[in-house]
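Got a structure here, written out as structure tokens. Questions coming.
Each chain gets a letter, A, B, C and D, in the order it is written, and its residues are counted from 1.
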Amino acid sequence: MSSLRITVWGENVHEHSNSKVNEVYPKGMHVAIAEGIRRILPSAAVSTATLQETDHGLTPERLGETDVLTWWGHLAHDEVSDEVARRVQARVLEGMGLIVLHSGHFSKVFRLLMGTSCSLAWRDSGERERLWVCNPGHPIARGIGRCFELPREEMYGEPFAIPAPEEEVFISWFEGGEVFRSGCCWRRGNGSIFYFRPGHETYPTYHDDNVRRVIANAAEWARPRGAWVDSGPNAAASAERTSPR
Amino acid sequence: MSSLRITVWGENVHEHSNSKVNEVYPKGMHVAIAEGIRRILPSAAVSTATLQETDHGLTPERLGETDVLTWWGHLAHDEVSDEVARRVQARVLEGMGLIVLHSGHFSKVFRLLMGTSCSLAWRDSGERERLWVCNPGHPIARGIGRCFELPREEMYGEPFAIPAPEEEVFISWFEGGEVFRSGCCWRRGNGSIFYFRPGHETYPTYHDDNVRRVIANAAEWARPRGAWVDSGPNAAASAERTSPR
Amino acid sequence: MSSLRITVWGENVHEHSNSKVNEVYPKGMHVAIAEGIRRILPSAAVSTATLQETDHGLTPERLGETDVLTWWGHLAHDEVSDEVARRVQARVLEGMGLIVLHSGHFSKVFRLLMGTSCSLAWRDSGERERLWVCNPGHPIARGIGRCFELPREEMYGEPFAIPAPEEEVFISWFEGGEVFRSGCCWRRGNGSIFYFRPGHETYPTYHDDNVRRVIANAAEWARPRGAWVDSGPNAAASAERTSPR
Amino acid sequence: MSSLRITVWGENVHEHSNSKVNEVYPKGMHVAIAEGIRRILPSAAVSTATLQETDHGLTPERLGETDVLTWWGHLAHDEVSDEVARRVQARVLEGMGLIVLHSGHFSKVFRLLMGTSCSLAWRDSGERERLWVCNPGHPIARGIGRCFELPREEMYGEPFAIPAPEEEVFISWFEGGEVFRSGCCWRRGNGSIFYFRPGHETYPTYHDDNVRRVIANAAEWARPRGAWVDSGPNAAASAERTSPR
């Protein structure tokens, strides 16, 4: 197989406006996420893109050369242009993998692909989170034990307003008393989508070895599975007129 | 149970611009669809709404009083305002049932809820269609035999670019050699969605007894299932901050 | 709709061998479960059957007159005859609803229908369980708030070795640090299956109002959905030879 | 990745009792299936096993060294011992892939894993079958065009009494007027299962290039996905007692 091309997208706002975040992620959250993937998948071609770049760094050419895109956003979902959001959606339908991280649950891209509100309950009191593997044979859980912990995280609670996951890999337990479907898989068009819960900006979650392992596993799971379909039915929103066969 | 409130939405364009359509559906396709439902569900409260009305007849009040909405559109998908399309989407997530008919596969409403392109292959040569029941215990197939036929219909062929159906009720066989997933079910938020394939405007499909039976069955299946959730997590696209419990 | 006919099946062993269980359920756990359903569904026809009766109380006639069967077993799964287990499986495929309770996860009936090991992790230390609703529009969650608690229960933990649930209604949080998919739905043949976690024999779980509400809701949800199929393809394990149509 | 170890299991009865079958498959159907896989996956380690061998060739050791098992049976499903059938089921739950071919729909192994009757309608009149790809991005459809044809095959028709497929890859169109879900995917425990319809013993279906391509693609798709779980929850039908964490 050829080298896996991964683009790590970051909103890149908190890092410059919040000293606590800057302390945890001095080079930016996207850089930490990219470093984690590189360490586990040394042969992958990992690059980053941010909101502030032209086209948010996601030109058609760039997306065309991306096998898997990871998405972290929080404060500035509305600043992502509708055009770019729809372009990412179309590229997923064409076959690109997508990994949506934490507060990316409310991104335009994720909501366009899910079709639901993607709302949830939340509380940021720096509590303990334990992620349980509910599907130990799933490739995204490879190398993870029965569960792993993050000593301090934001809480996300059910109900999480998503379509029923096609495969569920992790469920979180929170010290304060809540649960959450933390690792969920869907197929849309030719593309594979994974949502992964942890990653609040004020905690060093993306420096955690288990979190890095999960993201790297997910990137491999989400790589395009089938033939590249240049002009196929999922590529564009047009119906095709056929002749009797 | 209280009376089932059904709103039949029609684009209502072909009927005035194409004499062939006008001949088959002189009062409009939506009127024929509504009549079919009334005949099978006499206790239901069935009304119609069309593109040409203010807000396309789908004001927040009207939607708030609708348990199940049926949708037929073809020529004028783009003339449906984004605001009304998103309003219908939100109402489905809140619990309203939605039945999407034939060329409604390309409506804004259906594509917003599916998140995919919803494209397909097609051919209009007036060929024979046979719809097979692949799930004989499903309530939408109640009263239908092993299969039923429509002597002349437009062909729709795979691949149909939809998320994997959660339940599949009908698969179509076409004289010209194609197949199609003709009756598909999904849940989104609190709402139930059914796509039903037949219904090209130039054929008397909505006068057919089996087609009418399926649409009426689907309306009963799609009625709101749970408690009414006034301000619940699916109702609006906002996350809720909670306190430790 | 005609009256819903519910048969509550109980293993009925602990009650006679363990004084603690006898204290909590002096008339038997099955009697407490049946009373709970009757209180919430007064028009339903609720009866009980136990392991000790001929055919474990589940003759073909009895099953033929049952719309929904609930199943609680623990110590004596192996004493259920293979013939009766297969008879129940066949009746579910024919359309009967099935509600599997707590330690019934290891019953012959549930394992035959799931096809997997149905194993899980467990600990009985009388800890607090909180059941979260992750699908608030689902009819099985009707009348339940965002979550409810049981002050003392046995813990069941992931991974729960089941096929991916088609709909998930509850996820449990345990005081000791585990999570569990506590309310799961599947369709098999013409029948509907619901697994519901709580119900260890030494705790008064089946006297709890929320637990009773869930079981009653599940019975309504699981009632046969479609036409009765007397000799249909799901009724028997035989293929049918057809002629060209 | 290490070499993919594939075992092709054949009932091997028709070949010796029916001269027509012997003419089409003089070395046995299993040999033809194995040859097809070898041609497309030259690096795979492909071997065969048959009903007549001790333990039907499927000892615990042999299964332990098998990544993917293909299964063809028809006349002699009942001659497969319950012990071996359950052993294969357990090995699938542990992670082995399983490809069930044609009349294998009624094998003990497939029915144990599905939990349903697996019945269908059928007719053998040597008619034309056309298999449509309904999921063009799926790896099992790699290298297959929009559809392919088999000039003469047995017909299988809906309803096919299986649990809802988690992914659907092919739907068949038959000359005589039927349709069938011909390529269906499920996950059970740690294992992946694919059912593929074509392959009646009197036609040269397993010499067909597209059929061979699909089986080889399916073998790659079904290879164990996750970590090997030696004593994990899916490996054995026992629950595990845990201590508070």
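Assume a residue touches a chain if its C-beta (ideal position, glycine included) is under 8 Å from a C-beta of that chain, and two chains touch if they have at least 3 such contacts.
Just so it is clear, the structure is predicted and the values come from calculations on it, not from any experiment.
S.K.: Would you mind naming the chains that touch subunit A and likewise touch subunit D?
M.R.: Looking at subunit D and subunit A together, the chains touching each of them are B, C.
S.K.: At the interface of subunit B with subunit C, does the proportion of residue numbers present on both copies reach over half, so same, or stay under half, so different?
M.R.: same
S.K.: Need the CA-centroid distance for the pair subunit B / subunit C, whole Å please.
M.R.: Spacing between the chain centres: roughly 34 Å.
S.K.: Averaged over CA atoms, how far is the centre of subunit A from the centre of subunit C? Could you give it in whole Å?
M.R.: Roughly 37 Å, centre to centre.
S.K.: Any chance you could list the residues of subunit D touching two or more other chains?
M.R.: 130, 136, 157, 159, 164, 166-167, 177-178, 187, 189, 232-234, 245
S.K.: With touch defined as at the start, can you tell me which subunit B residues reach subunit D in the complex?
M.R.: For this pair, the touching residues of subunit B are 130, 132-136, 146, 157-160, 164-168, 171-174, 177-179, 181.
S.K.: Could you pull out which subunit A residues touch subunit D in their complex?
M.R.: By the definition above, subunit A touches subunit D via 95, 130, 136-139, 141-143, 147, 166-167, 187, 189-191, 224-227, 229, 232-234, 245.
S.K.: Within their complex, state which residues of subunit B touch subunit A.
M.R.: Residues 89-90, 93, 106, 111-123, 125, 127, 155, 157, 159, 161, 163-164, 166, 176-178, 186-189, 232-245.
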